[in-house]
């Protein structure tokens, strides 16, 4: 069976609208160097590097692993680059873990990044397809119709999104790396912010960020002498489904449900709401929190919004969701999935500082991409499986 | 020592040819005659519009062509209020998923000739085409969809069997 | 493909462009190199092992270690290899036949890749010396080096 | 290491410009052909992974369309690398080591004709020092060719011989794009394209797709008469700056070959992903191949070079010859980046 794998080093950059103090190599290096330092390792100790990011049109650098080889100390080593749209940060971590689980490498550096300020996020995300009508709705234009369908289906009160955004904005104040730090976040300030794609308001939407996140994944023997407690991989899974087919439930996609069931089975999670202590979930628009609560089996169908109103997902709630402030507070798209995976690992290592959930022992990292059709999830724990 | 430069501007312009492919070209050519033609999967018998040439659930080529009605139902929609890069119409405007009668998948297009606040899920709409002299093999020949005035149609809220 | 469809007219195609002017931040090392170009100076950077890298990169290509101090290098150097372009592409630095070359400037241990305006292939040879030709209006980017030209033989 | 084998390979006829079908329509028959040849029902394939590059089509998320070709329903374990399909095969080989999944579908597609490959590939280079000068891949390869010619007393004739041999071998490859008999002296009489490279030294621009099915242990034996076992597979990268590299050798190929165990036995055939003639000769040296090895019986990248596909095709072509019983031990190689910057080596053996 697969070998054990542990996270022994984590590094994140300061997320911001524009990191104009760094080159692309410098941005990736900031996260990777911090991960190595956290793991007590030097560049030569790393056996392989796995890089992930979303479309290369963001930076205008094609297959950037080639240019980044020296910034990641990769000369003479294996390097791979993963691209699975928005879930890429998560799938990259799973591909890196796969190398350790397969017994091929002992110490793998994995990095995910996006430097969106090099161009314009909307431009880079909008495919230019001839013969198409001018129906350019932007990223939010794809997801808000599914939010509308969820509200109609679940009967959720109209302000659930505002409450999620308020929670994540307040959580971000406890995360030194967060991009958006809304000191005066209030219900009214969010409610009165301009409607971008009805029903999503300005403060219920994720920012465009520059940022990178890195982790050092290690085999059991390599993790034995890591200076700080490791986070043990208890389960990891990916699922994909097509974007458009008859009967597809775009609000509660089966790929997400199947992926969660697989990762829970591997980690021995019978009741996720009871057995997990914290979840870092990919929520780029506020309403996706209640929707993913149902998709992940934390709540019954059409009742995810109740968890928000009951405060279950609050920082001091029964199952804190996105104590880091989440994607709503920092969104370098290629890195966001890995930030979720890394923040989950930080929680079970007791390394999350101001936003540490007391006593967190098992945590979920979740990422999704494309038209809610690519899913990557992992569960990490403080105890060896 | 010399001053440090912080940034550079690098113009990148690449020219491509887009090949619509067999299935999509047939769909676009039918539009020039104001006909909406999808393709049916030989195995699951579902009609895909716009067709991609393959049935995504069966992994089989779709070949049989099926003409569907220019009328359909809004399954869901969003109201775009914000200006952003690459936009070609002034906000606010409504974009909606429209399931045409006879098709099993939805078309994403504009809804106009109705105040944004009145657009609703289940609303019956019909295609508004360009004038004859502007017809060509392009999805831009459908300018937008507008309400037909028929009573709303039920839509499977729970995502039937998804 | 079933018969029914093979008598189709050819597939539709159309041109489409991918265009954006990227606003890049260059970071401290490249930033110093570009800053020096404005003043008609060429900087290299020293690795821990003492090698001088030109153009200066932030990290040692062999070890991944951060590079160290800057050092000014010569404005002329030796061609280590070259290639002759008889029909320049629309975005090449010169629009008349020219040579791409790897040029190890005096004082550098690695070679810079740029264009050499030699006029004719016969004037190119590995080992020849070339000198930088500065652009008149310099903006702090790689085009401030307009190209290189064969050094007048003494 | 768990025994994993190639049990099926399929590819599309490689053409200069596919103007009728889009990527999905090219890929669909190739994926179905490979799955059918594998004898494993599509629904039982445990993992799917693909290789492609958005910049070839100039569309972000171009790979998402391809998902339609594999019938990803019910939802599948699927991943994608923005690299040549050979690296997707590596990811599949790693995944099969875990033991919970026994088969994998690997596919790759690429239409190099849609954009201007000379400009598109320049975006792989350093975005501050090099990409803004827009050096095209032929120019960079020409720099390498001259360094190699002048370093070891090689000749342009040796390069022309590689071209002639490749296109003669391609005559018995129905999927090859360029095939035929060429006289060495006629080739050498041609003008340079970018000196010292002539047109015959350079790869064609191609559109194509390929798919491979991998299976582990007993499943491989059950579905395939003579599986092509992956005895070793490894890949390495070098720093990119051409001015900081020794372009006359391929150190990353030599290192990958050592890790993959190339030297531990005779090599009947080698399928090398050398887009330019001099690169095949550099790779032969790095892999330690002698006169006994037949190189690129398929014609190699000089006969057909769909970007993001040609590397996976080398593994497919080598494996096919083992499955057909024509070779007992084969080496396949794939490259990525300018002037052989990153290289993958795979050793395949019959039982």
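Just so it is clear, A, B, C and D label the chains in written order, and each chain counts residues from 1 on its own.
One rule holds for everything that comes next: contacts are C-beta pairs under 8 Å (C-beta built on N, C-alpha and C of every residue); 3 or more make two chains touch, one makes a residue touch a chain.
Treat the numbers as computed from the prediction; the structure is a model and nothing was measured.
Novice: Name, by label, each chain that touches both members of the pair subunit A and subunit D.
Specialist: B, C
Novice: Among the chains here, which has the CA centroid at the largest distance from subunit D's centroid?
Specialist: In terms of C-alpha centroids, the chain at the greatest distance from subunit D is B.
Novice: Where's the contact count highest, between which chains?
Specialist: Greatest count of contact pairs is found between chains A-D.
Novice: With chain centres defined as C-alpha means, what is the inter-centre distance between subunit A and subunit C in Å?
Specialist: The separation of the two C-alpha centroids amounts to 38 Å.
Novice: At what distance in angstrom does the C-alpha mean of subunit B lie from that of subunit A?
Specialist: 30
Novice: Centroid of subunit B to centroid of subunit C, CA atoms only: how many Å?
Specialist: Chain centres of subunit B and subunit C, defined by C-alpha means, are spaced 45 Å apart.
Novice: What positions in subunit B touch 2 or more of the other chains?
Specialist: Only 6-8, 10, 12, 14-22, 24, 28, 55-57, 61, 137 qualify.
Novice: If I count partner chains per residue in subunit A, which residues reach a count of at least 2?
Specialist: As it turns out, subunit A has residues touching two or more other chains at 20-21, 23-24, 57, 59-60, 69-70, 74-75, 120, 123-124, 128-131, 242-243, 245, 253-254.
Novice: Provide the list of subunit C residues touching at least two other chains, using ranges where the numbers run on.
Specialist: Residues 10-18, 20, 22-26, 28, 30, 34, 57, 61-62, 141 of subunit C touch two or more partner chains.
Novice: By the document's touch definition, which label belongs to this structure's chain graph: line, ring, star, complete, or other?
Specialist: complete
Novice: Spell out the residues on subunit C that touch subunit B in their complex, using ranges where they run on.
Specialist: 1-2, 4-5, 8-26, 28, 30-32, 34-36, 38-39, 41, 43, 70, 139-141
Novice: Within their complex, state which residues of subunit A touch subunit B.
Specialist: 20-21, 60, 120, 122-123, 126, 129-138, 140-141, 144-146, 148-149, 152-153, 194-198, 202, 242-254
Novice: For a test of understanding, state which residues of subunit C touch subunit A in their complex under the given definition.
Specialist: Those in contact with subunit A are residues 12, 14-18, 20, 22-30, 57-65.
Novice: What part of subunit C is in contact with subunit D in the complex they form?
Specialist: 10-11, 13, 16, 18, 22, 24, 26, 30, 34, 53-55, 57, 61-62, 80-86, 89, 91-93, 100-102, 104, 110-115, 121, 126, 141-143
Novice: In their shared complex, at which residues does subunit D touch subunit B?
Specialist: The contact residues of subunit D facing subunit B are 18-22, 24-25, 28-29, 31-32, 42, 55, 57-58, 65, 67-73, 111, 113-116, 119-120, 123, 127-128, 131-132.
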